[in-house]
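Labels run A, B and C following the written order; every chain starts at residue 1.
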């Protein structure tokens, strides 16, 4: 049964990629894209319910492994991929209408979108540390041509940077994986099982600490490039700013999470082998640096998508910091933050996409008075910004509050740094978004309000998570937190 | 055998090698030139041409510049002495030569450096433009080649745990064959150093005079007659010494032990074959390569240094 | 001296791999660079083959064949076609300061060896020390990518880095599971294709493959 559900989850996007590679130029390609993403989402729901009922499962000769930690990311990924496909349908049509995109480009976009979803789900569900690497690299490959979709000099530059930097990063991660195998082979023997995470997890105390230490450094630096941790982040703002908005939304909301998930899988093994806080300290260091540097860069941004890309770096840094601290509460908070950040950040990118489309520029000084032009876009952007800045009723507040109180308890020295960085980020983003939403403009009001249902659905979910945590969800996070230690 | 007798025997062997090298050196140069001539489709001047040149030069009257200092006069003798010493103590026909402990590999580099200092000083002594130019270039080349040469020596010293040449040679000659990647690298580096230090193509051209890019010839332009003969003979010896070092370090097989008269003819025959092969190889290299601009020489020698250092590092990591 | 002969050969091939990594660092011509890349692939394939023979692991024979096919034949051929079509066959890059680059390279090698030293002491297997060489060649290729200003050499550097990793995967650890190796090979192949597409997009947009054109996006 689990085999079948997993198969449905993985094959649907793969099939979608194949179908759209053939039919991507048809008029109904966008609908097909949404449909396949919808099916993927349904499959993920079915899988999630099963795992919630029956606990961790392995499938296909132990090649796949689903536990509460990754299944929540599977559900989140499939959900955001689905809503993004809904958002991209009208959005990309308008882009085509404006002459920015041609039909062949859209063809490429749709089929790559599905394949990208497939690689992310594969990276999440596989039990093989080697396959995680393969899937992560494949995720880069599928998105790199999407970043350069507009074929402008800037977008080509961004895509080249993305490709080279992530390629180098991921190569280092491969070296880390090889070292991991090197250590595992001595315990588990030659052959296929030595890279299976479940097997590694059982023998983690026997793994050679010197090798694992080095392996983790490589894995963290490698996948950390993908997460966008400072100082490996320089591809991220470019790729987010120059790529099409739906791509920015999934990159920011999903891909970064998945890279972090790969790091967490390694961290569990390294903690078991070393028996100290080495991995956690490294992650805390990188996380804190990312939060601080991103916050400082935020105020200097002129491009709206670039600014929110830096905000993603900041939040990923915060999550990495939380996971680095470890312990039940911090890990719980980290996962909650991962969820709400994905929801809110993709919602913001949807709203930003519309705002940019309406005003024809990404420069913030030229985007003014969105509330007058279109109240839906204006409110979506305003609420999204409130949410991402950690205003109380939204889920981001809850998770940030938890992270900071834990930090105050376990690592008091870090609290002022975190608070200062969050304060700077708040001032920077709020100061720039306020005139965009509430400012005066001479532009005419739009005749039809744009369809922004995904934005409000995401924000509503984030709001609910902030006000009330459903008990099964809390239990689910707790299980995962216990698993990650 | 008593201690005294073995000492006498050692000295006999030493004498044998010393005379052999001094007699053989011009022949080797003749052989290299002959091979090169054949490769260039010329008939060549014959193997004995260097001897004829030496005889001719010894019969001439020496002419000295009027402002030449005593240093200029004694330099050829020092040069010849250094090179003879170097060529005589490298174990090529027998391992435990009594003079060998006089200089280990590092001191050997020092002997070469001493000779170089004198020839450069002598080149500048007269004060001609060519002399100073040549001296400057010689210093540039040697400043890059010397570290590379030292690194080559260090690699083989590390493998054999000694800087004494006899010990190094003994280690390599008497163990079963092992493939040393580090030695292969060192060997390549050594070939480059050999080309540069002996003023061969591609760094310098031994068969030209009065060309703007020459190095060695520029330094000895002011010498004539017996002085020139000694300088030429010294450079023949230097080539022989370098090739001997190469043979000792990388292909010492077939070398004799001191006192073992029976193996000596065989050892000498093996040495002659090796020298002939090395000379032919050198000629081939020179025929294949083109003279490079002097500005490229640092890069070329840098490669040698790099190779030697790599060899050293690989030895540390792989222990091989 | 009791090192088995196969180990000696593997060590030698490893050294050759490292040497080629250095040679690539200083190579100015694109054509020669691709040739060097193919030679590196050959050394890699040969060492995988020897490891397969000496440890009697059959799946490593497949790896060796795969490497031979991909790294020695297909990828160089693809690159040749690309530079032919892009008409950059005779491009010469003006590399400044090769000696400095070389010195940095040596420092990197020392760094890599130091990093790998505790690991090689752990391993009693025949291939101890190879991790250090693999890491060194990965870092050297990385250095090569940093020093290049043209797109094609940069990509060759990227592929050479993959060579170093493959060497670590096949020789130092006696081979990863085959499915992982296949996945890696597929990624490399697709990556090269995408790089190819990129070259054409770049030339269409910038009229050259000089990546100095692409330094506009900055935080000012």
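In this section, a contact is a pair of C-beta atoms (placed from the backbone, for glycine too) under 8 Å apart; a residue touches a chain by one contact, two chains touch by 3 or more.
Keep in mind that what you see is a predicted model, and the values were worked out from it rather than measured.
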Label of the chain whose CA centroid is most distant from the centroid of subunit A: B
Innermost chain, taking as reference the mean of every protein Cα atom displayed: C
Subunit B-subunit C separation of Cα centroids, rounded to whole Å: 38
Centroid spacing, where centroids are CA-atom means, of subunit A and subunit C in whole angstrom: 31
Mean-CA-position distance for subunit B and subunit A (Å): 66
For the subunit A and subunit C complex, residues of the former touching the latter: 128, 130-131, 133-134, 137-138, 141, 144-145, 148, 151-154, 156-161, 163-164, 167-168, 171-172, 174-175, 178-179, 181-182, 185, 190-192, 194-195, 208, 210-211, 214, 237-238, 241-242, 297, 300-301
Touching residues on subunit C, where the partner in the complex is subunit B: 1, 3, 5, 8-9, 11-12, 14-16, 18-19, 22, 26, 98-99, 102, 105-106, 109-110, 113, 116-117, 120, 129-130, 132-133
In the complex with subunit C, residue positions of subunit B that touch it: 175-176, 178-179, 181-182, 184-185, 298-299, 302-303, 306-307, 309-310, 313-314, 316-320
Sites on subunit C touched by subunit A in the complex: 57, 115, 118-119, 122-123, 131, 134-135, 138, 142, 145, 151, 154, 158, 161-162, 165, 168-169, 172-177, 179-180, 183-184, 186-187, 190-191, 194-195, 197-198, 201-202, 204-206, 211, 213-217, 219-220
